[in-house]
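Below is one structure. I have some questions about it.
Note that the chains are named A, B, C, D and E in the order they appear, and that numbering of residues resets to 1 at the start of each chain.
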Amino acid sequence: MPLWWPLLLGSLLFSIGVYGVLARRNAVLVLMGVELMLNAVNVNFVAFDAHLRSAVHGGQTFALFVIVIAAAEIGLALAIVLLVFRTHGHIEVDELRELGEAAEPAERSEAAR
Amino acid sequence: MSDGYLAGYLPLAVILAVGVLLVVAMFAGNRMLRPAHATHEKLLPYECGVDPVGEGWAQTHVRYYVYAYLYVVFAVDAVFLFPWATVFAGLGWVSVGEMAVFIGFIAVGLLYAWRKGVLTWT
Amino acid sequence: MRFPGTGLAKGLAVTMRQMTRRSVTAHYPDALPDLPPRSRGVIALIEENCTSCMLCARECPSWCIYIDSHKDVVPATTEGGRDKSRNVLDRFAIDFSLCMYCSICIEVCPFDALHWSPEFEYAELDIRELTHEKDRLREWMWTVPAPSALDPHAEPAKELGAAEKAADKARAADLSAAEGAPAPPPPDNSAEEAP
Amino acid sequence: MSDLLEALLRVLVVLVAFLLLPLLVGQAEHKAMAHMQSRVGPMYAGMFHGWAQLVADGVKFVQKEDVVPRDADPAVFRIAPAVALLPYFVVMLVIPLGPGLVGQDLDVGLFFVLAVMGIGVIGTLMGGWSSANKFSLLGGIRVAAQLMAYELPFVLVGASVAMAAGTLSLTGIVEEWQPWWLLWQGIGLVVFFVAGLAELQRPPFDMPVADAEIVFGPYTEYGGLRFALFILAEYAGIVVLSALTAVLFLGGWRGPFEDSLGWLWTLVKTFLVAFVVIWVRVAYPRMREDQLQRLAWQGLVPLALLQLALTAVGVVATA
Amino acid sequence: MSWVQVLFVLLSLVAVASALLVVTTSNLVHAALWLVVTLGSIAGVFLLLAAEFVAWVQVLIYVGAVVVLLLFALMLTRAPTGRQDDLNVGRVVPAAIVAVLVGAVLVSTVVAGFHDVQLDLERAVVGSASVTGGTVFRLWVLPFEVLSVLLLAALVGAIVLSKLRADEPAEAGED
């Protein structure tokens, strides 16, 4: 099969992931978008591994490392999300502005609830 | 790619299909035989006989989560144990040492969790 | 000293030993159970003894006894006498889907109209059938066993004791009458007999 | 095309085993548990000692109404039992019965089994969430916590066996197996069995479905055929766990006359382990949630790590 | 087209369609379940691309652990059954435009760069467990060891986070 097929799949998944990260306001859904992007990268790694047939097997090994790091990443991120839920009672990323610029003080106090 | 590789997964595809068919067949039979008299009370969530209070969600303690996370960290190290298991006999003590360092680091994490009292139920 | 895991092994040993022994299950529909005396199976009614006094219905904790009655006038039997009125039972029903077999109605009945029968196989497919009307309750009476004998050296029943006391008194009076003194009339409570 | 036909034939054999073995285990549980409690268990269906009880149960379940609660998520609620059941069916494909008697021997067999068995829990979680019932949700969360605690020692001792055998193929592991592994991998055997029991949520690890406190956990709202599928998944899980224990730790088809009677040895060992599963259910009371987690993290995980070290030293020292 | 290609196209379509549902569905748990479908079909793609071990790692870690973790987090942070209309930020259209632009750049680069390269799966080496083990433990030992430090750091981080006491009591309170 042409090499660009799996690469196309990877690109599409990546852009869908980008959309998910930008458009979602629930933190867990944002993380799902990140997972999609990481998987898109893995598809590319594996496709190139099959194409290059290097003895080093860099593609598959890196895909493995990416999966492991992604697992660690999402676990830590969810720990943060749960902490946010415990302190704020919600996990909407666009309402978490304590670290943002205090441009709209009125809205901020409302958002802090 | 060796010839038998994907052919070896043919039964897997077949068994998935058969499994789905099995479930579909079960429910087709069920559909033909079962009555359907849904009443209001039948469709209420079960709460020991009284009318349900509030919605189907209740706050749960976050302490469950740390266990889940410990699992994920260890599961990823198990991922490396399996390919290692197939080759380490040929690589000898050096390889055992490498794996020991790897698991040792994570075991330190478990020890830390233990010392911090995360593993004791509060 | 105790080795760790002794308790676990003991649990396994106990269950395994139980498995090799004969089970104690009574094979009920094939082998009928040997019921103890005064088993609470179903409540029987002697309609003739009932005076519609409503005590049982009032005392029932689950309100499962239904009694309807009306007053009937019995014309005077003697010339110039007053008409007597008495209660006539129209309906006596027990709803066994509500009954909790507490036995209060039987204890409270002053005229021994209600009795326990050991019959228990009266399940129905329709819950409404579990309300037994007086005819059916009367039929259960045939299954009520005779009261079991008292234990040896047990105190006699209260009624018997009272009757015996009265008889003793009467005998004593008879004796003193024989000695010449006029005897008092014997008390009439010996008419009360145990049913 | 002949490949496909052969695959179909193998899958059909697996299907028969999948439908038959859980029933046998279930019936054995009915009778063994009853006698351990001085009862006799089912006696009527099928005339002789109630042998057809579970068949009758199946007939009953098929005729039952399919109730989806008002607040439930209907699609997820309906799919969940199938998601819980099918992984066990798929796993049975790679478990060898005798030399060459296997649905399909995969090179990554053991890893495949562990990966696919992990999917089943999603079905339970789906059921727990979609019922829109507090008991179900709490049960679902408990299932997830318990599974995560016990999956780890399960996977670790699985890796230990793979290390000892130097292969992940289940057939290969049985071929490499030696009787003295019973001692060498003894800790692994115990850890694997206990962790597997906990993953199946079998007593004494049935906290997620503790009927005295959360009704029936994630399955509270289920009835009829869907409930039956969850129960079938539990018994198929017992079969898979017992067969895996037999294959990984007890030497599968290895035994006297293994060339002709190998399949019988596998079945006998599987049923012995399944009997222990039943036995343990009768003998022990349910563990509390904190005891569950403590046993996993402070008992089984260190033991599993010890077993890993033992195995690694043993393999390299004898190599 | 060989049946490997047919299967690849089918799996890709399933993966892309379910990925789209992940980012558009209006129910939190449905998003997680569609993610399972996406990840599962990507595992199938890995199998077809001769990465056997990576495929099953994908199933074990992603489907068995990460998705369970996600579902777990969703259950803990309130995921009602039924639709939720407030899952998207107000700026959906700009987000879509950015995503489409990213996709366009990537796709055009990929197609322009590799449109005449054939992937010869017949000669690819199957990434079985022993092959993966051999490469990781002969050639990639150092990254592998560094990984353990990373995991330890992540674990300690999660433990510290979970031990943090909230300054203010949570709205719903703890049980």
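The rule is short, and it goes like this: a contact is a pair of C-beta atoms (placed from the backbone, for glycine too) under 8 Å apart; a residue touches a chain by one contact, two chains touch by 3 or more.
Owing to the predicted nature of the structure, the values given are computational and were not obtained by experimental measurement.
A.B. asks: State which chains count as neighbours of subunit A and simultaneously of subunit C.
C.D. replies: Intersection of subunit A and subunit C contact lists gives nothing.
A.B. asks: Indicate the lowest number of steps between subunit C and subunit E, counting one step per move to a touching chain.
C.D. replies: The distance in steps between these two chains is 2.
A.B. asks: Look at the interfaces D-E and B-E and say which one is made up of more C-beta pairs in contact.
C.D. replies: Result of the comparison of D-E and B-E: B-E.
A.B. asks: Give the label of the chain whose average Cα location is farthest from that of subunit A.
C.D. replies: It is C.
A.B. asks: Farthest from subunit D in C-alpha centre terms, which chain would that be?
C.D. replies: C
A.B. asks: Subunit C to subunit D: how many Å between their CA centres?
C.D. replies: 56
A.B. asks: For subunit B versus subunit C, what separation do you get between their C-alpha means, in angstrom?
C.D. replies: Centre separation, subunit B to subunit C: 62 Å.
A.B. asks: Could you state the distance in Å from the CA-based centre of subunit A to that of subunit B?
C.D. replies: It comes to 21 Å between the two C-alpha centres.
A.B. asks: Taking the mean of the C-alpha atoms as each chain's centre, how many Å separate subunit A from subunit E?
C.D. replies: Whole-Å distance between the two chain centres: 8.
A.B. asks: Residue numbers in subunit A touching 2 or more other chains?
C.D. replies: Expected reply: 64, 67-68, 71-72, 74-76, 78-79, 82, 86.
A.B. asks: Using the touch rule from the top of the page, what residues of subunit E touch 2 or more other chains?
C.D. replies: 4, 50, 52-53, 57, 60-61, 64-66, 68-69, 72-76, 78-81, 121, 123-125, 129, 132, 136, 147, 151, 154, 158, 162, 172
A.B. asks: Could you list which residues of subunit B touch at least two other chains?
C.D. replies: Residue numbers touching two or more other chains: 9, 55-58, 60, 62, 64-66, 68-73, 75-76, 79, 82, 84-86, 88, 103, 113.
A.B. asks: Which pairs of chains touch one another in this structure?
C.D. replies: A-B, A-E, B-D, B-E, C-D, D-E
A.B. asks: Can you check the complex and tell me which residues of subunit D touch subunit C?
C.D. replies: Subunit D reaches subunit C through residues 32, 34-40, 43, 279-280, 282-284.
A.B. asks: Which of the residues in subunit E come into contact with subunit B in the complex?
C.D. replies: Touching subunit B: residues 4, 47-48, 50, 52-53, 57, 60-61, 64-66, 68-69, 72-73, 75-76, 78-81, 121-126, 129-130, 132-134, 136-138, 141, 144-145, 147-149, 151-152, 154-156, 158-159, 162-163, 172-175 of subunit E.
A.B. asks: Residues of subunit D touching subunit B in their complex?
C.D. replies: Subunit D reaches subunit B through residues 3-4, 7-8, 10-12, 14-15, 62-71, 82, 85-86, 89-90, 93, 103-108, 110-111, 131-138, 141, 144-145, 148-149, 151-152, 155-156, 159, 162-163, 166-168, 215, 220-221, 224-225, 229, 289-290, 293-294, 297-298, 301, 305, 308-309, 312-313, 315-316, 319.
A.B. asks: Note which residues of subunit B are touching subunit E in the complex, please.
C.D. replies: Per the stated touch rule, the residues are 1-2, 5-6, 9, 55-66, 68-73, 75-77, 79-80, 82-88, 91, 95, 98, 101-106, 108-109, 112-113, 116, 118.
A.B. asks: What part of subunit E is in contact with subunit A in the complex they form?
C.D. replies: Interface residues on the subunit E side: 4-5, 8-9, 12, 15-16, 19-20, 22-23, 28, 31-32, 35, 38-39, 42, 45-46, 49-51, 53-54, 57-58, 61-62, 65-66, 69-70, 73-74, 76-78, 86-89, 91-92, 94-96, 98-100, 102-103, 106-107, 110-111, 114-115, 117-121, 123-125, 127, 131-132, 135-136, 139-140, 143, 147, 150-151, 154, 157-158, 161-162, 164, 166-168, 170-172.
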